[in-house]
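Labels run A, B, C and D following the written order; every chain starts at residue 1.
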Amino acid sequence: MKPIQPLEEEKVFKDPVHNYIHVQDRLIWTLINTPEFQRLRRIRQLGTSYLTFHGAEHSRFSHSLGVYEITRRIISQFERGGYEDWPSEERMVALCAALLHDLGHGPFSHSIEEAFDMNHEEWTCRILLGNTEINRILEEVEPGFAEKVAAVIRKDYEKAIVVNLVSSPLDADRMDYLLRDAYFTGVNYGTIDMDRIIRVLRPHDGRIVVKESGMHAIEDYLMSRYQMYWQVYFHPVTRSSDIVLRHIFQRAKELFDQGYTFKFLPHPLPSLFDGTLNVNEYLLLDEALVQTSFMQWTLEEDEILSDVCSRFMERRLYKYVETELIDLDMIDEIRSEFERAGLHPHYDLEIDFPTDLPYDVFRPGDPKKEKQILLLNRQNKVQEISEVSDVVRSISGIHRGRYHLYFPQEKLERVKNQLSKQVADIFEDKLGPAQMEFEI
Amino acid sequence: MKPIQPLEEEKVFKDPVHNYIHVQDRLIWTLINTPEFQRLRRIRQLGTSYLTFHGAEHSRFSHSLGVYEITRRIISQFERGGYEDWPSEERMVALCAALLHDLGHGPFSHSIEEAFDMNHEEWTCRILLGNTEINRILEEVEPGFAEKVAAVIRKDYEKAIVVNLVSSPLDADRMDYLLRDAYFTGVNYGTIDMDRIIRVLRPHDGRIVVKESGMHAIEDYLMSRYQMYWQVYFHPVTRSSDIVLRHIFQRAKELFDQGYTFKFLPHPLPSLFDGTLNVNEYLLLDEALVQTSFMQWTLEEDEILSDVCSRFMERRLYKYVETELIDLDMIDEIRSEFERAGLHPHYDLEIDFPTDLPYDVFRPGDPKKEKQILLLNRQNKVQEISEVSDVVRSISGIHRGRYHLYFPQEKLERVKNQLSKQVADIFEDKLGPAQMEFEI
Amino acid sequence: MKPIQPLEEEKVFKDPVHNYIHVQDRLIWTLINTPEFQRLRRIRQLGTSYLTFHGAEHSRFSHSLGVYEITRRIISQFERGGYEDWPSEERMVALCAALLHDLGHGPFSHSIEEAFDMNHEEWTCRILLGNTEINRILEEVEPGFAEKVAAVIRKDYEKAIVVNLVSSPLDADRMDYLLRDAYFTGVNYGTIDMDRIIRVLRPHDGRIVVKESGMHAIEDYLMSRYQMYWQVYFHPVTRSSDIVLRHIFQRAKELFDQGYTFKFLPHPLPSLFDGTLNVNEYLLLDEALVQTSFMQWTLEEDEILSDVCSRFMERRLYKYVETELIDLDMIDEIRSEFERAGLHPHYDLEIDFPTDLPYDVFRPGDPKKEKQILLLNRQNKVQEISEVSDVVRSISGIHRGRYHLYFPQEKLERVKNQLSKQVADIFEDKLGPAQMEFEI
Amino acid sequence: MKPIQPLEEEKVFKDPVHNYIHVQDRLIWTLINTPEFQRLRRIRQLGTSYLTFHGAEHSRFSHSLGVYEITRRIISQFERGGYEDWPSEERMVALCAALLHDLGHGPFSHSIEEAFDMNHEEWTCRILLGNTEINRILEEVEPGFAEKVAAVIRKDYEKAIVVNLVSSPLDADRMDYLLRDAYFTGVNYGTIDMDRIIRVLRPHDGRIVVKESGMHAIEDYLMSRYQMYWQVYFHPVTRSSDIVLRHIFQRAKELFDQGYTFKFLPHPLPSLFDGTLNVNEYLLLDEALVQTSFMQWTLEEDEILSDVCSRFMERRLYKYVETELIDLDMIDEIRSEFERAGLHPHYDLEIDFPTDLPYDVFRPGDPKKEKQILLLNRQNKVQEISEVSDVVRSISGIHRGRYHLYFPQEKLERVKNQLSKQVADIFEDKLGPAQMEFEI
């Protein structure tokens, strides 16, 4: 049980967001220095967003340290306050889960998960429990400790408050990414008052609640989050690069399934394609490998593959139009006309509806308890925040999003006169080139 | 001559350092969208510094945009001031040179240059003048325009003031990297008052000088720069990772020269190793390719190569001691004892003297005119800054740096008792493990 | 017409919010150096807010420079864009109006205006047109120039777009105060993206509109503004100090009207009290004079006056309760019970309803054209923003505010048992002492 | 001994520099709410610097809270580290001394002290020990507690480490003012890494020393401090306003001593002038009173007094020339010529030598132990920093400063032709009007 000892002297990481990340426990220090955790340096936090916001090159490594640090500060506040509802023996489980929660993310996570039907939380658990250095270190704490951490990740740990700390609408994960993504993209939104939020959090009856007097800080946090989603996470240029990326994965898998001979197909991509990846292979996957493959595939003979790879590497993304004119029938019609005109009905047209995206928007009044933000009033009663806050009610009522059609503009130009007027009109330059490029 | 037209509407990039990068000319916009320029997204600005400062993942792409933006602002100040000494017809050459000055940087630039005897400025010129999209676009401005830009890069352009603007002790390059590297590492130094510096620059008699009243801002800039060098650029942990990196390159080349069969050696690495790289091959080199190779080489049979690659990928860097005890004879003695004890005399010991490093420190009083900072007084006379500023004279007198010995600690531990006392003492824990890890 | 000449060399003020304030015109420089403008250094921008946020000591002088600077940047953007709808000959009128728009503010402006039925815009015009240095300088530009500036202030200048620039829901005034008040209070809200907003403003058909693609920046601006109102401008502790301040003014005037002999009543307070202030007397009024009077009045014999003055100087403010329990009848009842219990029905109880406060909240859909924010789409059509933006519609629907009762707690404690249960209950510690003190 | 109890719930002040000031002890809370401490809101931290940097309106109240907060954080670090050399029972004495150390500052402190031969530390002790609310509260802790706090202020408290914490070259006072003054003036210097400095401080053998590995952070701190002195504290425009201010005090006292009848001379100015101020009178002195007097004195009949008062209120400061041409004989000569030409030999000429100013510059190698910065190495030995740091040695060798002559320009212009060529030349426009005004 050695790793749980404190370090002789606190160690720090210099961090642009939290100034310093403080490491006080030998266990945390040792976990950070495993190959599995260091691999997160090679996975970007924001996927393809760097093609929209060139500063957004920050890694899941730095985000994971940030989530750990915020969790450490929250727990330290709980300990200073001496609240009985906080089970202090759970500190180490909570810190490990915070640090390691993103361990299973693959390269360009959301896109690769979609393309290969994978799930990063599952992979996190496989890494925690598999034949890895992380697992060995955790099991040195006490046999079964790795499973405890995995249970927190799976959200079925017996102490619900630990799950709640690491995964809830106000958790350390969200606080870190809002601040970090705002910092590295350079946008002015996302400037939440983290110190104040931490100060008003309270352990209460098996979950984390908010002291009522902190309501305005939470309103501000939710507004910032709302702005970050629309200004950064759902940015149409990022969507466009995500789509190109998904097309690459889809086409490569298609070719692989058809027995196509790749000039370049390094280990462990074959296992990725045929669905037999084991943990050690999975850990070899990183964005360097994926980008190198894309670069080499620009030289492949398959035209579709080499085209989408060049587009990605050279940032020649799909253009888009935003439209209210279409329904599902119309989409079929467009695809047919595209095909007749010699375009590819799938690779040359993608349809996107922003609110279907896999990001979570806070929905006040969600009946699922774990998705609620609860306020604790002076009579020690809890209330769901939207019952009290007009602001929260208001912004939760906002529905946005229209269909976005993504397509390779130069190809469309070539065949435009072969399309029906109705279809051609949809692609009329509603937003125009000024909008199509980065404009934020 | 179309590309020189202004854009219908200014375009912007969101930048965390300068808030917005403004693009007003179609030529600049087109250059940014070439594959050659987009490649800079895959080259980190600070090489291996991200292993010391986890935020330092920013790319040469963002730095190049920053240098362009600062140059644009300086020229715009010159134009508003209506100074006769500024040749306004050179605006476009200057902006292009500013934007493209780092085009030839390779992956982990300083280390790869050292290992393979290359020079990034030379490669920049080869890309500007070779069969590239960049070249085609520049030549559309007017035949010979690419050569003009290359001449600025080579510092032999006929209008010396343009060279001076892009490359001098106060140039846009240095201003951007101080600000940008401070921002992404998170250190508090490097907060120069760029607006003020820009405001006091004056074109004068074929070069850029500083209005005398701006002297204090320049002193502050030089102090910031001094701090950045010692706190960030010369950080011993970064040095350690640079050394591991160089060892990888050296070992791989050694093996290649010996005819070793690599399990993984993607195009164009063979050409890199045998020194036959052409421009198009060079453009395929990026940090993704290099990191992927390192990752795959962890599986190679050559133990030295697989060891240094694992060290780099898992960030198990060499430890170091800082010492005043040694001279060149002693170094030979250490290497011999290492060899006798079964360590590798080269791969298990590297000696470093910080001030030999290839970074430029401003040396006031440098007789080379182009390395001087000149003040312009109210009588329109220029003076070299160290004649006037006590601060500049003082910090220029500072010599620092002691020998640093880098070595794989666990290997040394194993053989320590076979070393003479004199040698063993040198490796005595002068700084101790707390220091060895990141501590800033 | 000399003052309109440019300065030989641009001058700057160092400003924490805009970095530098740039002065290019001799006229602006001369106006800043008048006694009338320098007086604004002695009027705080945020009145009594410094008693809640101790950083908020910034003056109307710095705000006025900021408004000038933003206006300068907007006009400069218009000039660079070469928009025909901007009447470039109006630049100087607009800059002067921006710089001088707050010239007529008195000490603790809102409170003194309420107490003495004055209006700062009216006083601004009297100073512009009266026997002042400001007037002499403006008239040197051309006879009638001062009247032009005054017309802009009065919102009846013939060129409506100039009025719109200086006074509209998106004007330079609001942009500066949001940024400045956020900076000096230290709150995290109010971080609007000013550069972007300036970039999307367009002169159009006699007013300033917003390029449609800038809609999200405006949404963010309106959210920030909303947060600033509730977190800073309507802060109950500030309200409490405003009420104490108003009580001082009211009591002093009451005493003056009754012929009370003040130990201390410096020139020009008698004229303020009897309503005969002329411009030169008005210019002697500043917060130093008012605070000095309050300090000296702590030694007056009138107990009410000396009590409220001590409260203000020593920051012993009224406590408050927030309640939904009362209506107008109940208020009468409370006052009666207070009186019967020996409390003063007026000075010991103040009732406040936040949304009655004199701050302007943006109300989308306001039929008054000059209070609307208009978007300009790519077909060159304008639309009121709430027609397009769900966010704007949502936050505009938010109604907040409940009755706040302010009272001297220690006096109430003494008589609480003489009050009816119904009344006593209202003063029950609903928020409790933790809330009563500064808690943000 | 009630006041020493912790508060039920921590209270906070929102602070732009430290984000939040945390108050955990009832004693601290009660002290902040005394009239004596609230008075510090009416004393500016930076005296007349607001006439140079318009943002610098921040008060000694906010600075005192900041010093308290930093001290709290240092002590909290000591407690977490469990260092034996920190006498934990001294926490409350140290916090009180930190909070109250500036209590005795008068309006425009340095100038008024010089003019009336007062000392703010002495007044701090008189307030601590006199018949004040502060004294009553401190004595409630335990009889003699106020004297303990006063001893710390006087630097003769028996536990030297407490004195050292509150007053040394690295104390909380200096850290707060560098950060705060940089924030409110808006200059880019002064951005010290406070978190890191706090982390490397260690209690050691009766004083505070610095862990050796923190040396670079201290070098950076000393460089920042150096820049702040020359860019802000010694700014010649501020010096000019200080001189005008001193002239006001001198002239008023002269007139008072001559029996002049002031139209306006509020209590307690007569006691200030005749040197009989008692503590309660002293506490009535604030900058509002002083500024109000200046404003009223612009209407006095004495021309010198009314002139210097108008200058101050309207910011018509003295111009200056910087010269190397003069010595003491020459100064006498200038004064004689001034007098012959009808100027006032004293009020129309002031000579200033920046390094004579009362600000403390860190002088490494100072033999006075309490003025040294000591490094603690890994062998637990201490060394004075300049023995180890080249940077510190270098910047300490910098001597700057030339004679500055301050004078009313328009008066000088009138008589310039009556001066000898030698004298007239000195006042030749060496820096010129562009420099004379604010230019930073």
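Following the convention adopted for this analysis, a contact is a pair of C-beta atoms (placed from the backbone, for glycine too) under 8 Å apart; a residue touches a chain by one contact, two chains touch by 3 or more.
Remember, predicted model here, so these are calculated numbers, not experimental data.
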| item | value |
| --- | --- |
| Longest centre-to-centre distance from subunit C, chain (CA-based) | B |
| Pair joined by the larger number of C-beta contacts - A-B, B-D | A-B |
| CA centroid of subunit A to CA centroid of subunit D, Å | 50 |
| Geometric centre distance via CA averages, subunit B-subunit A, whole Å | 32 |
| For subunit B paired with subunit D, centre-to-centre distance based on mean C-alpha positions, whole Å | 43 |
| Two or more partner chains touched - positions in subunit B | 12, 19, 187, 196, 434, 439-440 |
| Subunit C-touching residues of subunit A, taken from the complex the two chains share | 187-189, 191-193, 196, 213, 216, 219-220, 223, 226-227, 230-231, 378, 390-391, 394-395, 397-400, 431-432, 434-435, 439-440 |
| Complex contacts: residues of subunit B adjacent to subunit C | 10, 12, 19-20, 195-196, 199 |
| Complex contact set, residues of subunit D against subunit C | 8-9, 11-17, 19, 33-35, 38, 41-42, 50, 53-55, 57-59, 61-62, 65, 183-187, 264, 266-267, 284, 286-289, 291-292, 295-296, 310, 313-316, 434, 437-440 |
